[in-house]
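Below is one structure, written out as structure tokens; comments come after it.
By letter and in written order, the chains are A, B, C, D, E and F; residue numbering begins at 1 in each of them.
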Amino acid sequence: MLTNPLKQKWEKGQPTINGWCSIGNPFTAEIMAAQGYDSVSIDIQHGALDYSAALPMLQAMRASGAVLMARVPWLDPSAIMKALDAGAMGIICPMINNAEQAAEFVSYMRYPPDGQRSFGPTRANFAMKGYGVQVNEAVLAFAMIETAQGMNNLEEIASTPGLDGIYVGPADLALGVTEGRLAPGFDREEEEMVAAIRRIADVCKAKGIYAALHCGTPDYAAKAIGWGYNMTTVSADARLLAAAASVSVARFRELTGTSAKSREKGSY
Amino acid sequence: MLTNPLKQKWEKGQPTINGWCSIGNPFTAEIMAAQGYDSVSIDIQHGALDYSAALPMLQAMRASGAVLMARVPWLDPSAIMKALDAGAMGIICPMINNAEQAAEFVSYMRYPPDGQRSFGPTRANFAMKGYGVQVNEAVLAFAMIETAQGMNNLEEIASTPGLDGIYVGPADLALGVTEGRLAPGFDREEEEMVAAIRRIADVCKAKGIYAALHCGTPDYAAKAIGWGYNMTTVSADARLLAAAASVSVARFRELTGTSAKSREKGSY
Amino acid sequence: MLTNPLKQKWEKGQPTINGWCSIGNPFTAEIMAAQGYDSVSIDIQHGALDYSAALPMLQAMRASGAVLMARVPWLDPSAIMKALDAGAMGIICPMINNAEQAAEFVSYMRYPPDGQRSFGPTRANFAMKGYGVQVNEAVLAFAMIETAQGMNNLEEIASTPGLDGIYVGPADLALGVTEGRLAPGFDREEEEMVAAIRRIADVCKAKGIYAALHCGTPDYAAKAIGWGYNMTTVSADARLLAAAASVSVARFRELTGTSAKSREKGSY
Amino acid sequence: MLTNPLKQKWEKGQPTINGWCSIGNPFTAEIMAAQGYDSVSIDIQHGALDYSAALPMLQAMRASGAVLMARVPWLDPSAIMKALDAGAMGIICPMINNAEQAAEFVSYMRYPPDGQRSFGPTRANFAMKGYGVQVNEAVLAFAMIETAQGMNNLEEIASTPGLDGIYVGPADLALGVTEGRLAPGFDREEEEMVAAIRRIADVCKAKGIYAALHCGTPDYAAKAIGWGYNMTTVSADARLLAAAASVSVARFRELTGTSAKSREKGSY
Amino acid sequence: MLTNPLKQKWEKGQPTINGWCSIGNPFTAEIMAAQGYDSVSIDIQHGALDYSAALPMLQAMRASGAVLMARVPWLDPSAIMKALDAGAMGIICPMINNAEQAAEFVSYMRYPPDGQRSFGPTRANFAMKGYGVQVNEAVLAFAMIETAQGMNNLEEIASTPGLDGIYVGPADLALGVTEGRLAPGFDREEEEMVAAIRRIADVCKAKGIYAALHCGTPDYAAKAIGWGYNMTTVSADARLLAAAASVSVARFRELTGTSAKSREKGSY
Amino acid sequence: MLTNPLKQKWEKGQPTINGWCSIGNPFTAEIMAAQGYDSVSIDIQHGALDYSAALPMLQAMRASGAVLMARVPWLDPSAIMKALDAGAMGIICPMINNAEQAAEFVSYMRYPPDGQRSFGPTRANFAMKGYGVQVNEAVLAFAMIETAQGMNNLEEIASTPGLDGIYVGPADLALGVTEGRLAPGFDREEEEMVAAIRRIADVCKAKGIYAALHCGTPDYAAKAIGWGYNMTTVSADARLLAAAASVSVARFRELTGTSAKSREKGSY
């Protein structure tokens, strides 16, 4: 029977680290999936990719054994069901502001009688032995709380039957909760943001669901684990690549006494 | 008139750092090109990509101002000319073993009377103002020396009219020169390899052409600059991403007391 | 003037067979379209494909003369209109539960004053002579009934002005109508399912619209034709390929006395 | 700080010409962007393309300096935000029929507190220096008026806070306003259509927003500029190509005395 | 039986016009194929495309009835046979300098005993009824003469058994024949170039093979027909699009009194 | 250490069945790889695909455990090495006519000192643990004999050090050996063809290498196993799909009394 290794780990109290794919390419996905993440998620919302890229990425990561998930662009049955049919074992849905939206989201995740997912796991069928209605038990439904309204309705949202967890994106949360007063970004240290982030973990625990946080660094992630988060995403492929390349160039510039400033324009 | 900023820098004695694209994706290319490299090269030989990926990568990097080059899979007129037509301002050609091959390579790089490049810069025309036969002056032809035979014929190869430089790939060079005695890899410290690598720089200088080295770290690159290399490639997008992600996961594992070993297989 | 050969056949009482594309590839589409189907439909809902794959598939099948249709992922104006603009001559829309949704669906199918389709058949223009507002007459709008609610509202839905037919997906219908009691699947033999499937054909006939059924085998399809269905889909490219390959392997195993069990894992 | 050159030109009273991409290809996009248009828009609604094609098109056009925009398929947060994240500096949204829809559209365009755009400009970050919440000031939100209802609510729609302009598509406008009495098409000369088109320009001016018109020829565009339109789109890549090729073939036929009629079918 | 409509027309003395695809996109191909060309050729040499783009282009153009051909990048069996397998009914091979190369080229075009083409027309099988070894009779082999050496060996090349024609690219011919003295370009008026171009037509006629010329305008093409050319290519999709768009922008600038110069840079 | 399961099976005397991919799509590849084949090969020669399609296919099939191989288009170092770098564990090289070509082929397959393969297994590195020079032992080099000349040189070719086997394509073999007298096709029953096919198996056995045959049916494959063949390919994805769909349509036509003939053309 299909089970979800993430759930098994969390039930044992084991925190997990989630990789994040913003680049629409099966090779970068395969590289990410080879680095030891417990799960890897494809960001169909803000990543530079859509379904047509996500499908071969899911295929390329299948052999890795990491749990594969997707963030969809919006509360949209088409996006959610297509990601599931393509083999995602979890969906992160942005901008859930109230219990009604949470219930709608959850309904798209599972086959009747649990929900209204349409049957036709065309690709999942070939990728996973025994894929059928019983996958209802294995898929993970994560709602994102990222607005003032969402925070106000946190308890209600977290009480939605069938919702497996809350996923927190600190950039939108900061913008949304403070109505733009704080700049977007990860690894928040402002008291009000820490309080909000910790409150979500507490409510999740109280409601018996999982909490996940998008982080910029493993150090902040470890702190979040201490706050009760079950899963942390740490950075993303695009940012990891940019940072690593940037450090490499800077070190070369320093060692050779050249500088970015010395770059001169050619005539093309 | 079209000029090549790399040549201008080298003429002034300024060393340069070259980015390396092994991932066949325009977004990773755009990320790489934004990091301050003097030039960025697409590896059509060993990269997980071919022409169909290289074309949008060249387009996506055009705005960056970095000089764009390509390593072709083999001494093959079709691959060389298609990369040039797509807008590459330099070609790195692998496995040049003698002066005859070097001359053949160079002939594919330039329009008559300098060579036998066929005219039809269909895309380059739209990307670069004034692209025409005068691009002969601006394109860079780098031959790779990576076999015992190539090393034996180094002086001859380096004397080829129209050849702009030698590009050294230490992995193949080690395998080739030692007939497999040494394992492939970058940043060689063995005396015989250092000697070979330095000899290439010396011969290039003597023959009035440029020397380029593929390195694993900026520190080794800086050392190579000291040996007279004009251009160094430092790592590649795939390796940079893998290393950065791996470090991130390891740090999380360490801080949270989880380990890769603790990953358990689900039933899918 | 544009006409739809399917309608002409059905008007003459001739049943038709519809091919089904779940694989996102123009060559598989071209193969399917060469097999003599009266129509071929691209499954943008559960197929492993989206618009970016469907477009070249429609182009590759154009020469075949088969009527081309698409199943869209959901009742979504964007998906419906883009499929029509790309040249689909019929749309199958899933999960229509009531007359209001049916009317909304139908409104997206046709240009004013018949509906609210937006004008801009960019590709269809080049593929079909005389494509314009008069295509309103030729396109086919099929609503899918696949829930208990849909069955309850069957007569109302079937009475929607401009709706051309009902398309039945037995997998979802079984799940939906029995609230998950029966497993999904084609070619239902349970009395209640046969009754439901036959009732749909009867209602369609009574309302003067067409009935279509998704089947697993030509034998069941022929039975459905006997019940009054006008069009039957028989299997799908992915299933046909898997079954044919599987039979071939099994026969080899049997004849050579090897077995799947004898497969041994290498170290990669 | 990010600014939008279109706004600057319009503020100075300078009319602009917008290029239109219906072909889903980065090379055609690069060609279009090289022709001197002030802005180029990708038609994700009626163009033969979707997000997966639009992304490399935006990358390929980045170097041109033209302002890049997109028409989305429908009032859909996912489509709007993904186009913005991919780097579009303006969005044209079809089928806005009332002030409520206009307000919803505008809310998707900007980060809080101005709207509800979700933060994560993954690609835009690498393509534009300083991309952040302040882009709220630079992006352009154009609503399309193309139905009788939209015309009735014109003043209200044009008064929507945050709406930057009205974009007029004469094909749909003719169909919509006359309920199908007039055929779709550009460059309308019927009195009622001219009146409608001029009224939109007048209302935009009165409300302090911009007016844009989709035209078939530069001559009609110039006339529209005279009516107060700030931006005119003139034709589209697909039509320009078809017309140019068709003229070329016709001239050949005429000069050589051959004709399309003389084409004879081979046996394949 | 498979026949080639081009041959039938030429046998009747009817000149033909060939469309030229440099853009790697099935929609541009479909547009081109709809304009009435007798044949359309995909430029895999200088076009911004490779096999992966050419395949869906051939599929998209199949319904048009135009004869489809391809120019390959070089005298390379892989490129030639893959284009044929994909359905090309003619191959234009660049840079044929002597009879030996011409014979090698021709050998790749046909199945034994006529040549050494490998059997496996995987896609052609599905696209053309009765595709088999008898296609040997229908495919057209055009060698390009574009060097001084090629001109010197013209008679010999033109005498190659199985060669169907000579295709002339005036840009390379000018560069090659004059060793770079004359600039590349179409529609040559220099006496020596006209003489060379006419001599090719004369030799083709004498040897009983066809002559084809790449032209920039229909007027020059008509002149070439007068010189005995059987087929003329007139411009190419990329150039036609660029020219048409450029004219449109210029006309707008002129009518509105704006100018390209007035374009001002934004801050992104 | 990397080993090749095919070799292990053959050493134990176990015959194997090889799947064949002619469709350039990762989903069809994933379907094929799920059917229990011991190995699956991608046909880059005659398949409707090239490297850009083969790469995601290799990724999608990785999880299946089947050994993955590729047939390259021609004896070409670029094609061979790129397929290996992409993860192919065996290469089938067409049109090997003599021992010199066989030796050249083999040299491209392995790193020095065994051959001249260039080092850079960029993707293979991430897909297979411990990929390095030791893969020399694991990769399989199959030469195709398909001409009269190849048959004449069979013993010599089969004696090439480092060659692992002969792969027989009966279509080309029939054409080549009989100089076009016999039509191409699989599952030959002509005495001379059976003799040739059996002779190859005998020579392979004598020389201590493996023999592989491309078959149309499992029954013929079983016969070939009886002749000493180690591996048989049975049909191909495109043919399996076409045949299965065709049978399905024919059965429907028969059961419903409709016929292909009754198809009537619409006006589009």
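Worth pointing out:
Going forward, contacts are C-beta pairs under 8 Å (C-beta built on N, C-alpha and C of every residue); 3 or more make two chains touch, one makes a residue touch a chain.
All values reported here derive from a predicted model rather than from experimental measurement.
Within the contact network of the assembly, the step distance from subunit B to subunit C comes to 2. Least step count on the touch graph, subunit E to subunit F: 1.
Using the average of C-alpha coordinates as each chain's centre, F ends up farthest from subunit D. Taking the mean Cα position of each chain as its centre, B sits at the greatest distance from subunit C.
The distance from the centre of subunit A to the centre of subunit C, each centre being the mean of the chain's C-alpha atoms, comes to 34 Å.
Separating the CA-averaged centres of subunit A and subunit B is a span of 36 Å.
Counting partner chains per residue, subunit B has residues 24, 27, 31, 34, 48, 50, 52, 55, 76, 123, 126, 238, 242 touching two or more of them. Those chain pairs judged to touch are A-B, A-C, A-D, A-F, B-D, B-E, B-F, C-D, C-E, C-F, D-E, E-F. Interface residues of subunit F, counted against subunit C in their complex, comprise 1-5, 8-9, 14-17, 19, 23-25, 27-28, 31-32, 34-38, 48, 65, 67, 89, 127-131, 138, 217-219, 221-222, 225, 232, 234-235, 237-238, 240-246, 248-253, 255-256, 258, 260, 262-268. Only residues 22, 24, 43, 45-50, 52-53, 73-74, 76, 79, 94-95, 146-147, 169, 171-172, 175-176, 179-180, 183-184, 236, 238, 242 of subunit F touch subunit E when the two sit together in their complex. Taken together, the subunit D residues at the contact with subunit B in this complex read 26-27, 30-31, 34, 55-56, 59-60, 62-63, 123, 126-127.
Against subunit B, the residues of subunit F that register as touching in their complex are 50-52, 55, 76-78, 81-82, 85-86, 111-114, 116, 118-123, 126, 132-133.
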